[in-house]
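Order of writing sets the labels: A, B, C, D, E and F. Residues in every chain begin at 1.
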């Protein structure tokens, strides 16, 4: 049974995806998605309860798995080449070509060294990742079923592209699990590239010019990452003996002499996580249907990048590299949080916030202390859940109001009370104590306290963060002038269930933050940083570090009491009243249209503030890119020295 | 759904002492349009002026506005006197100057306080109004009332300033000058005040003239025009040079009014020094027939009364054109481009008086 | 009905027929005379409208006679600031002004609670005058 | 005097509305706030917002356009509240008796609790009027009467 | 800390501190008045205001905003209690931010446009003072080696000499939090002479407004105790320091005009934040091996 | 800001400008225009005062030999005073006090035994 878990996690969704392509009926497809989801959740939970293990699949009848991987790689690279060619994108084509050449060279020159004995190693970090992918991924895939029906009603594609869509989603889930579990750079590379391919194809799903252009940008940027990944493999293969070259646990288990490959892997991670200067593709990717954004672009695929960096952390300890990584992450954190303030498009806000949080995770990984890495892992978990919720909610909103503009969501609470409530909850779990993301942020701040640069950047970034979140919920709660409340919010049942359960998960995880710490995070840190108690101590009530403590239970209780109090206080008698409009009474029938010049009713309206004067993207694009380029270059440079 | 923000500013708004509504359209707190809605203080005084006895009208026009009240009375009286062919006695003309200038001091100090209040400088507001109380006391002492002093009448003045009172005024005004000097210096040199006023609502001289701006609003744009130069009442016999500041912004307009406080103090003292003996008013018989126009300088600028008599005790027409009326177009032109926070400041910078405007 | 003769305080009154009114105003504008205001008198079957200008502290005027019921061409094209007073003419005298820059359509100073424009002579008797003590 | 009554006496928050006055009384109201009269001694604050105010100080004879504004402001104030008509024209229309656009006093539009005489009303008189009004305010019931409509629905 | 001690401290934070806060709010108004040459209200004025507001009939504030304001009040209570219990300063500041967020969201939920405009400015105020406070906490950490407020009390020497900038930034924070010029851009303290009327509170009435007043009674002691951390030994000196900051902010209020939000942002991020950072860098540079 | 600082500090350390009102009211100015009253001893009920009054605050009922005066209409202008040739209108410097209800004061010629006091008649 144990041995079946990993194949189930990796292969069953892939098989499901293949079937979805073949069985094109809606019912069959839904059933497949549901089945795969069930299998994934089950297997992931089983994997988690089973704990640490190693697993190497035996040969498939007579064929060595490595051959399968090789074949898959060849297909994949060919696909990339074809894609770049048909899309007439010389940059992407050259990158794909470079990779193909490099790969051929690798196979021909070092074919032997690529074989490893330990195919999969299950540690707590991997488990955490698999849980994320499987549980959130399943929820999102289920959510996508009604979503895509509605989506096709808005974007009639003839014939329906849903089979392809779900096939890609399912394949992607398998690949993500593979990526998390594989202990073999060579295999990881394959999974890595599969996620890229799924991502690129899914971005182009709608086939509009904008979608294709965004997809192209994602393609070439991720191919840069692929090249870096491949270069790392090449260098390792060149330098290391057979049988060890590709084993991740050996490479990053502790300080390593192979710093340049590690730096290259970090670079690959940066591209996948859309860190500066690669932020462009993730922003463009927002044209994809929202489940794609939720799944790939916030909670899972982009996490692959930071996952890789966290994995690499032990190898970088006490090197210049780790400092540069920290700096680069912190830089992304601040810069993107700042620019997010000027965004009027909810999905772009979410995208920027995602990039920003990933930056923070990377920065924590770069800080590389037990506390910092704990913070990174916590953030990885909590952010994924909250962000998935937010994306799902944003999708539901978009389908209902036909826009992603925050301004159009003004007063949404009157029109879609449930979705709005979930959105606000999502934001609050991102923003406020005692919820998980904030606990992680606290951990991040405390772990950065001794590093001036990181500290300052963390503080500034956090300040920006508050602004765009609050502004968004502010708009949602702002009562739009003249709009009558329509309390008839119909939501597909699957929306309600998936969003509800993700929301529940977000809250639950937050309440159990000490448990999460003990169960997942502490073992992760202990297992591969080999530092034991240096991180956080979790008692029943508090999360304690050497330099501070977070009274999780106390605050949760206070919050509970406060909310109860608030409800009581707010339930008193209310006298109806018209809003204060400088004395002019509103005209008949229009609540917020007081009489204006010439006694004509003039509607009142207040739009949100986006501080474009200070934070417009264009104003900052140049130095953000330059900074990103310099920092990534510095990363490689420092490693080489 | 329209982009941007549209809010009413007034009629009842805490920074507005008077009801007027400005419909403000904003983009990210920058004003793109400001449209006024007036009529909240329109009473119909021009019509009442035709329905009343022309002598009672003096009391009515005083109440067009409580801030420049005596100047309305003066302008009306000058116009009616012109129709009737009267000339007020010398002493009355000098007394008129005294009271008009005291009134101007109170009005300008009031403005300076309100402006400070508009940008939240509460202590300065308090200080200016504290100093202003000195003038109010002088007014009450000499005229018997604080704001509506009712001193002018057709043919002269209704009250006298005796030696005792003149001495009191001479004693009080230098004290007031010292205190006001200190405050005006604080105001005009203050960093935060300059932040809020310099370059805000700039009306270039050409624009000011084109839009018909008058008074301190015009002089704040560097145009030396002041009806007192025409020499009505006793102004022709007193030394007088209009105060101007060149920049046309809120700061300049404020500076003009601030300096005019001192100019007015000098005028009062000079008028008292030269106060001739003589009658307070001339008697008259008959009813106004014919038309006359009187232009005087109210605190906010040129005030015009046109009186058309038809030989009865009721006038055929009483026309009032007040300075704020002339300044509003300029204000509306410079509001777009300001920040929302500047709206009250720039609006107040023309020292708008809506009750004058709407009569 | 008569019109104003000499007006003490107005240096010169220039008559302009309705058709050439705007040209007359334009001439003042060219001379950079400052527009003061317009002023209207109800002369029975027509209105006597004076446009007042300032030339170095002297007052000069352009007069036009507007038959009741006729439309008055707006001066806002020449002097923008005339929009206030023209709206007032619409309100208080019921004169229709054509081409008004910002038109409050008769609700500039008053809300429509009057049967007749209040500043017309005949309206006087329609206003109840509370001369009597209500007691 | 119980605590609530005392608190009401000592914390009158003022809303001032100029209902078409000549400004004479308005500037006298403003004077009350300034150092020489300083009604903050009695806890009075000019809040400028009907929702916060206990005392509505109205000046002016009320005209046909601001009538609706006055009514609206009055309605927006929470009970208990008092209205003080400041100045002759707020009390009765005063000198504006022949003016076609005037309503002739605040009590033509909303109930007035205290009339303050004077044209312009002097600051001292306004203060006396305020205190007189507060005595009335303090005695108003603390709980809305059974079945009484809240502020908005009345009038 | 023993249970009785915790109880005593909680009692002090929840019941005694607000009384002191009330008197301080009253004192604030009185001092302001004296600076303006007036007599001003009695020191117990806030108490009467509160009682009066509570006795207002009906409440026109929306349920949601009232709830938000209650949360705001609660966050002030909790954060004050956290300081009194010697808890983690960062977490305490997060709790403060929680309150600010609740206050802001409440302000957005009101229909009046002034509430909305004022709340947007409130948000920018948060953006201005939030980093200053966190930097202060970091500064304290750098000398005590801990984020726990309790550890400050163990120091032998006062922190202020090494953290001078933070006393100044605290005055800025006081001005913002207490709605004083030049930073009373979202709503002025007591008088509504503001282009956005009372900002987020424009629609808040009666008993709901009382919640806000009450919240201020906690806010002042909270701000004072933050200042007191800079001179915690002896504690009375810290309290004096807090009072001095308060006094400074009152004086600043009376010698400055209200400036605009854009000025505030520029000032905050171009002057106050860099100054804080400079002080922090000094602390980093001179950090002893011991901490 | 520095100059303002001097001012406010000066204020802080000197006596406030606030007048102690209502505890110790200041004496009215001698010539202040305040309370208008009638003394009908010499009144001829000629109506001149009512005619000149710009607000219609006075009504003279000749037949009943009464003067009805509405003080809350009066703007204290003094026109009646100037109009009366018999000195029957008086104006004192004291302020009129605020009231809950607007009174109408009725003045009649005093009979030999009754003093000339107004009788308040509330509407």
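As a convention for this text, a residue touches a chain if its C-beta (ideal position, glycine included) is under 8 Å from a C-beta of that chain, and two chains touch if they have at least 3 such contacts.
Everything numeric in this text was worked out from a predicted model, so none of it was measured.
Ranked by C-beta contact pairs, the top pair of chains is A-E. Nearest to the overall CA centre, using the mean of each chain's CA atoms, is chain E.
For this pair, subunit C with subunit E, the centres built from the Cα atoms lie 58 Å apart.
Centre-to-centre, using mean CA coordinates, subunit C is 38 Å away from subunit D. Mean C-alpha positions place subunit A and subunit B at a centre distance of 66 Å. Computed from the mean C-alpha positions, the centre of subunit A lies at a distance of 36 Å from the centre of subunit E.
Contact of a single residue of subunit C with at least two other chains is seen at positions 107-111, 118, 123, 127, 129-131. Taken residue by residue, subunit F touches two or more other chains at 1, 4, 8, 11, 16-18, 54, 56, 70, 75-77, whereas all remaining positions touch fewer. Of all residues in subunit D, those touching 2 or more other chains are 17, 34-36, 38, 41, 46-51, 65, 69, 73, 76, 78, 93-95, 97-98, 100-101, 119, 122, 150-152, listed in ascending order. Against subunit F, in their complex, subunit E makes its touches with residues 31, 33-39, 251, 254-256. Subunit D meets subunit C in the complex at residues 64-65, 93, 97-98, 100-101, 104. Taken together, the subunit B residues at the contact with subunit C in this complex read 35, 38-39, 42, 44, 46-47, 50-51, 79, 82-83, 209-212, 225, 227, 229-230, 290-295, 302, 304, 306, 308, 316-317, 319, 321, 325-326, 328-330, 358.
Taken in their complex, subunit B has these residues touching subunit D: 11-15, 17-19, 39-45, 47-48, 51-52, 59-60, 63-67, 69, 110, 113, 125-127, 129-130, 133, 136, 145-148, 353, 355.
Partner subunit A is touched in their complex by these residues of subunit E: 57-64, 66-68, 70-71, 74-75, 78, 82, 87-91, 94-95, 97-98, 101, 104-105, 107-114, 116-117, 119-120, 123-124, 126-127, 130-131, 134-135, 138, 141-142, 145-148, 197, 202-203, 205, 207-208, 211, 262, 265, 273, 277, 280-281, 284.
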